[in-house]
Amino acid sequence: MVFLSAPTGARADAPDTPGGDQEQTDFYFGGVITYDDQPVEGVTMSIEGNGFEAETVTDAEGKWRLYVPEKEEYVLTVDEDTLPDGVIVDPEQLPEGIQPKQGTTASFDVAFGLTGSKIVNLFLGEGERITTSFWDQLIERLMNGINFGLLLALAAVGVSLIFGTTGLSNFAHGEMLTYGAVMALIFGVWLKVPMYITIPIVILLGAALGWALDAGLWKPLRRRGLGLVQLMIVSIGLSLAGRYVFQFFIGGGTYQLPGAGAPRDIVFGPIKLSWIDVASMAISIVLLVAVAYWLLRTRIGKATRAISDNPGLAAASGINVDRVIRIVWILAAALAAIAGVLWAYFRPGVKWDMGVQVLLLIFAAVTLGGLGTAFGALIGALIVGILVEISTLWIPPDMKYVGALAVLILILLVRPQGILGRKERLG
Amino acid sequence: MRRPKTGGLAKGDAVPGVAKNDPILVIDNVTRRFGGLTAVDVEHLEIPRHAITALIGPNGAGKTTLFNLLCGFDKPNSGTWSFDGKNLSGIPSFKVARMGQVRTFQLTKALSLLTVLENMKLGATAQKGESLWASIVPAIWRKQDNDIEAKAMELLTRFKLDAKSDDYAASLSGGQRKLLEMARALMSDPTLVMLDEPMAGVNPALTESLLDHILDLKDLGMTVLFVEHDMHMVRHIADWVVVMAEGKVVAEGPPDTVMQDPAVVDAYLGSHQDVDLGVVTGRVAGELDASAEELLEEIKEAEEASIAEAEEENK
Amino acid sequence: MTDPSTAPGAGAAVKSDEVVVEVKDLTAGYLPGINIINSANLIARKGELIGIIGPNGAGKSTLLKSIFGMVKVRGGDITVDGESVVGLKSDKLVQRGVGFVPQTNNVFPSLSIEENLQMGLYQRPKVYAERLEFVTGIFAELGKRLKQRAGSLSGGERQMVAMSRALMMDPSVLLLDEPSAGLSPVRQDDAFIRVSDINKAGVTTIMVEQNARRCLQICDRGYVLDQGRDAYEGTGRELLSDPKVIGLYLGSLGADGV
Amino acid sequence: MDWGQIFNNTAYWFFSPETIAYALAATGLAVQFGFGGLLNFGMAGFMALGAYGYAISILSFGWPWWVGILVGCVAAVIFALILGIPTLRLRADYLAIVTIAAAEIVRLLLTTQLFDEWTNSADGLGGYHAGFRGANPFPKTGADGEPIIYGFGPWQWTADQLWVRVFGIILLAIAVYLVWAIMRSPWGRVLKGIREDEDAVRSLGKNVFSYKMQALMIGGVFGALGGVVFALPSAVIPATYTTSLTFFIWTILLLGGAATVFGPVVGSVIFWVIMGFLDNVLPVLAQSDIPIISLLSSQQAATLRFILVGVALMLIVIFRPQGIFGNKRELTFVK
Amino acid sequence: GCSGGGTGGGDETTPATEERDLTLKIGTILPQTGTLAFLGPPEEAGVGLAAADINEAAKGITIDDIVWGDSGDTDNKAYATTIQKLISEDVTAAIGAASSGVTKLFLDDAVAAGIITFSPANTSLDFTNWDDNGLYWRTAPADTLQGEVLGNVVAEDGHKNVAVLYQNDSYGTGLNEVFQEVFTGTGGEIVAEQSYNTGDTNFDAQISAILASNPDAIALITFDEIYTIGPALIAAGYPAEDLYLVDGNLKNFGSDEKWPAGVSMEGAKGTTPAGPAPDTEFQARLNDWWVADGNSELTDYSYANEAYDAVILLALASLAANSTDAADVAGKLQEVSGGSGDGEKCDNFADCADIILGGGTADYDGYSGPITFDEHGDPTEATIGVFQYGADNLYTRIDL
């Protein structure tokens, strides 16, 4: 490296806009010069070639532009004398593919690409970029993961309850989430009902959907004695129909609920949360606790398990099987609806297929926890949520679901009955 | 009509764990625990060949669990056992069955959406058509299959299931399932057949005729080990009786001896097998003999004791 | 007849001629076109203990299930307390005080014993403690392992749970499908005596049994069901000594005094 | 558009490569689920492996097309092994989720840019037809140099299109024959037994795991062949092999009847005929003057198609739960 | 497109002054359903408006009732039945599909049936050498140009450390590749590069990875996902003026009810192919046509220009060939785009048609840029506009 002497000589004035001091053609070279991340003003840049010559000076933002008449190769020179004291154009810091001309340190051959402009930026000196540390990232994502996991849990508990009571794998559950979000969109955005009223409305409408689905579809089908696989296919058809009903009405675009994109201004160390995040987690936790209480403390909770074991015997014990299943559907659908709203805030956005996108994660959560165990679903959901969020610290982001799914498989290898599931005895 | 029993099975006195002259199954130190409960804890047990052995014992004594272990459906906490001289511990269940030790299940396992006949045919072993490649060419297995079918029909007739042979097994009544379960196990011509309460729920008249069949099979060289709570049946066909309680073998010997054993009578049989319950309950006129009185007494005591216990627990 | 009140183990028999359960010309079945029950008739009067025996596949369980609303009735009528119950679902029958112990699949495997018993009282959870005492009085084993899951129980233990579940609700009519199956001999005797006791306390009981002798010993009247028809009817004693019944259904095992 | 044309366009789907491909995959599923009781929800994964095995063999390694098909099948067998060894001992419904997850992993691995060199990531592969078309026994052009069109009525194809169909139908016929042959044999009986209660079958001395694995492999190979047939006339795009593909295959299986030999074929025809019919008929209705329907825009008509497809699937399953060929009797006992 | 010229037979002999009486039948195979359904309306509007313009000009060619078809997506497989419908309707050309993947799946069928496939939005390089009998064409500009413009814009704004979030498909990866190459060539550094798969609905992990690298600017190469990613980035406190958008997501958020009201994109920049004429008037016409056709207002104009130009080019080629036969039309497409090099420039249908009817060679420059096809059917020229969002969340062109 050769240090040149300090710049002398008067600096020319920079034009008002880069290149403003020249005749404007279709082709120009331009760029920025900074030193230690500060723009350098007053550097003289010159261009030469094809019988053309021009010169300009960088402005306060360190910007310059040199117009040339033809799309040809030119020689660009930085007047190192005009750089701050002791600063030179370090060949190490030159843009990729640009080499100083033989015998110089600050003259380069420059050529255009496909377009009429070519930018040569010189970021000199020691730039400093403060990145978020691995641990801070991990903690931040863990928090996101918990938030995500909690909302997954709301849906997963519903899936688990339905599975636990009726044996049905409800593939239409994703649409029940979307339904909640769409209802929130209709009331909260289109009808401009305040959100604190909209959310109870959504829960009620979710419950109504659950009621309607059971009364209009599932109960008659139980009556007809359809097998579980048949019911599952019905739920797949329902999912398809439901999804496209949403697209029918709201189209293929993404909508936002009021307050979505609220700034994340609640800061605890590396964790940044918006009030929406906090509210979302609070709602999830309150609802999950309520469901847990219901399951553990009420007879209906136990009845759900009895029915899943043996509906005939449950009826013989005086349990009104249809009624319990109805309640389960209402509860599951209401939880799904609110989970849909939270999901719409988490993504953020309401979209016709937003629900089906998490369906697999919900099922993974339910399975991971042990099929039919509501608490297992909760644990599974948290694991899945966290894994999805943090796995991309190690794996490419376009494979972010792979991590969660692979872990699901691994855990099932060790515990084939899921985390909280139990083995049956034989004989 | 009673056939002679096979005698001279044991090498010495009929004490628990006594060695047999020709054991087919030898069990050593097999234990199985579920949490705090030791369901099976058998130090030594030998099952005699070419004989019918009954395994009896109170509910929850560990009989079914022992069956599960012996057949590879469950893993013991410790212990070894051998069948026909071959060590069986750790061998997967299907291999055990292939060696000729076939079992039935107490809670029946009918293959619901197969017909009764198909259920039966599945029981036959060494079927050529059960390999994937051979299955494509019927010529390879057709004849064998027909033979199997004939044999199956024969058994079904004996088990009074022939009329149902083309129905799905799912449509059988509880007792019929038991019958199918047993008939299916017999399809494989096992060396040792292990029957878990084969006659529970089977009509007495039919039971009787089936017992004859089992005795026939014994005559043909088969060994039978069965669990049963019906003492008439045990007396009728068993050559040897093993009694289990709380996981342990507490007594064994020829039926008549064992069933006189006071410990067995106490823990399991009750001393009042021949009392007319109608009389005991006062529904019919009849002499309440001493043993009936005793029975009532015992029942009262037991009831009070358990009530007391329950109360204690409630506190 | 000995005086029932002085006979040991006897409670106050509450009997009357009032018909509690009546099955009239019943036809029922599972598959279209095949009737399992062919115009069967059965009457149970208040406080009676009725035994039903018959060969395997005769339709005994089907008959109980049709009374309890679990099999579709195709013809005839079933009344409980004089009212037709045809078409009523099981939980409605439970409300009317009918209890039922099925022959198979009669426990909730993933529920604990305690929860199984609670299910028996689903409609009246308040009296749980009291009834639990009553039931554990009969099957003491159960009382000690209330937390064990029914799915892990042995066959006999399950059967006890199943019986207890039905007894929890204190029914006025009790339908039992082979309650003694799988129980050890002592327990079987116990169970029969209990059933008899419960019956004497006024519970009209209909019991299907393959343990036919024991059953007929304690029941007031018995039916022999064959191919969906009531082939024989009579008091327990009559049937026990009827040579035809013995030949066809009871067999000689156990009768020869061994 | 007139009704004749609607009919023609609908009839097209009787012999389309898609129909054949889905039928093949559904036949595979019939082996796995219908007869073997394996809730395999990863059929899309098997199809993807078939298609990619075929395409990559040709494009990256320059192997002949038939080797490509073999590679696809081998890939499916290996996938079945990897999937089966650890998971076949899982309870049926757990298996369902694991297989969905495995298939999604396959799809995501094919989508990710990590293996771009072979998979071309999200863009998928195309342009591998030369070998297969070169093997076409049907003359492409007649004596006059004009391309020959084979067939009649709604079924008119160029030589290449005909070849794809003939080849696909041959594969399908072989698959159906095999299923028919093995399912009436003792092998099939064991498999059906396993579907009902594997412990019982174990107690009778059958190696349950081995049978399940064989079923998984056979079904997987049929699935892979389905994937190949699907790819033969077009391209392989990873986004094709989503879970909904598996769902469609399942629906087809149940439409036809799960434990039946011809059910999958008929189910596939029904499925595509419904798809084609609705696609043709809805826009016509939307432009007609039937009240309400005529208010639909073409967008809404298109969306309505999938709503109706969903509803149709539901209705068919509801009103013929045993499927077209299924045995109603079975249904009385299903759980 | 192996051969852009020469397949059409006999057109050279067409007398220059002959009156035309042509009826061109075209169909669309654009996403009306599925994950890309948001792209359908603007593209269809483009097609519809072009047809209306052509018919109104009455230059001896009428566009028959358009056969509207749905390409759906690879998930719902709508394209499979649609392409058969178009084939059976005997269309000359199918306009579509939006996604390269979908096009690949039906292209061979369309080629076998001898109809033109003309995509307004495909950017995958694979089509360049596809075995398509010269029947595949597209108006979507190659990534190379836009990528370079984007790279230069970001660089010229003085950004040194830049992160990219792009969609994992031919569109995103292609554009991302060029952008990165150009940008690093200017002296900048790519500090984070995150991709997502089409159909993903949550980008949290990607966003937090990008923000963790603390970039000076972020290039967002996405489609509709911007509605989720944009608000999320801004919520995380990232300044809007350091965001750079591309043609897939440059939308007038200010007039879009789907965009959350409070979220300002002021200062964000974006690039998109744009002809010399300002878009606003054209977009108003598109919208009018669309609404008149019985739809609700357009909120998005992605690829409307390209779709419009595709239809115009087809009509011009048909005029030039005096035929509606697909092969003949395809034989003239390169010529009317200016690809033969000697055409007379014109920028609307009527003018171009007049040139053709007058015996000349037209060189159509449309709303999506100057459009000049090479022999593969790929556009070689494009003008890329640079736009910036104002306080009203609407974008205006800043490079003119």
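For reference, chains read A, B, C, D and E in written order, and residue numbers begin at 1 within each chain.
The criterion applied here is as follows: a residue touches a chain if its C-beta (ideal position, glycine included) is under 8 Å from a C-beta of that chain, and two chains touch if they have at least 3 such contacts.
All figures in this text were calculated on a predicted structure; none of them were measured in a lab.
**Q** If you walk from chain to touching chain, how few steps can bring you from chain D to chain E?
**A** The fewest touching-chain steps linking chain D to chain E number 1.
**Q** Quick check for you: compute each chain's CA centroid and the global CA centroid, then name the chain with the smallest gap between them.
**A** Ranked by how close its C-alpha centre lies to the overall one, first comes D.
**Q** So which one's got more C-beta contacts, B-D or A-E?
**A** A-E is joined by more C-beta pairs in contact.
**Q** Specify the chain most distant from chain C by Cα centroid.
**A** Here the answer is chain E, farthest from chain C.
**Q** What's the distance between the Cα centroids of chain B and chain E, rounded to whole Å?
**A** Chain centres of chain B and chain E, defined by C-alpha means, are spaced 77 Å apart.
**Q** Between chain A and chain E, what's the gap in Å when you average each chain's C-alpha atoms?
**A** About 27 Å, centre to centre.
**Q** For chain A and chain D, what's the span in angstrom between their mean Cα positions?
**A** 33
**Q** If I count partner chains per residue in chain C, which residues reach a count of at least 2?
**A** In chain C, residues 30-31, 152 touch at least two other chains, as defined above.
**Q** If you look at chain E, which of its residues touch at least two other chains?
**A** 33, 37, 40-41, 168, 195, 197, 199
**Q** Counting only residues that touch at least two other chains, what does the list for chain D look like?
**A** Counting only residues that touch two or more other chains, chain D contributes 108, 111-113, 199, 244, 299, 303, 305-306, 329, 332, 334.
**Q** Flag every residue of chain D that touches chain E in the complex, lowest number first.
**A** 1, 5, 8-9, 12-13, 16, 18, 108, 111-113, 120-124, 126-127, 129-130, 158, 160-161, 233-235, 237, 239-240, 242, 244-245, 272, 275-276, 279-280, 283, 295, 297-299, 302-303, 305-306
**Q** What does chain A use to touch chain C in their complex?
**A** Interface residues on the chain A side: 299, 302-303, 305-306, 308-310, 312-321, 422, 424-425.
**Q** For the complex, which residues does chain E have touching chain D?
**A** By the definition above, chain E touches chain D via 32-33, 37, 40-41, 44, 68-70, 72-78, 80-82, 84-85, 88-89, 100-102, 104-109, 112, 124, 126, 129-131, 168-170, 173, 195, 197-199, 293-295.
**Q** Contact residues on chain C for chain B in the complex?
**A** Per the stated touch rule, the residues are 1-2, 4, 7-10, 30-31, 53-62, 103-104, 129, 132-133, 136-138, 140-141, 143-144, 152-157, 159-160, 177-178, 181-190, 192-193, 196-197, 200, 210-214, 217-218, 220, 236-237, 247-254, 257-258.
**Q** For the complex, which residues does chain B have touching chain C?
**A** Residues 1, 34, 57-61, 63-65, 106-108, 160, 164, 171-177, 179, 196-197, 200-208, 211, 229-233, 235-236, 268-270, 272-285, 288, 293, 295-296, 299, 302-303, 305-307, 309-311, 313-314 of chain B touch chain C in their complex.
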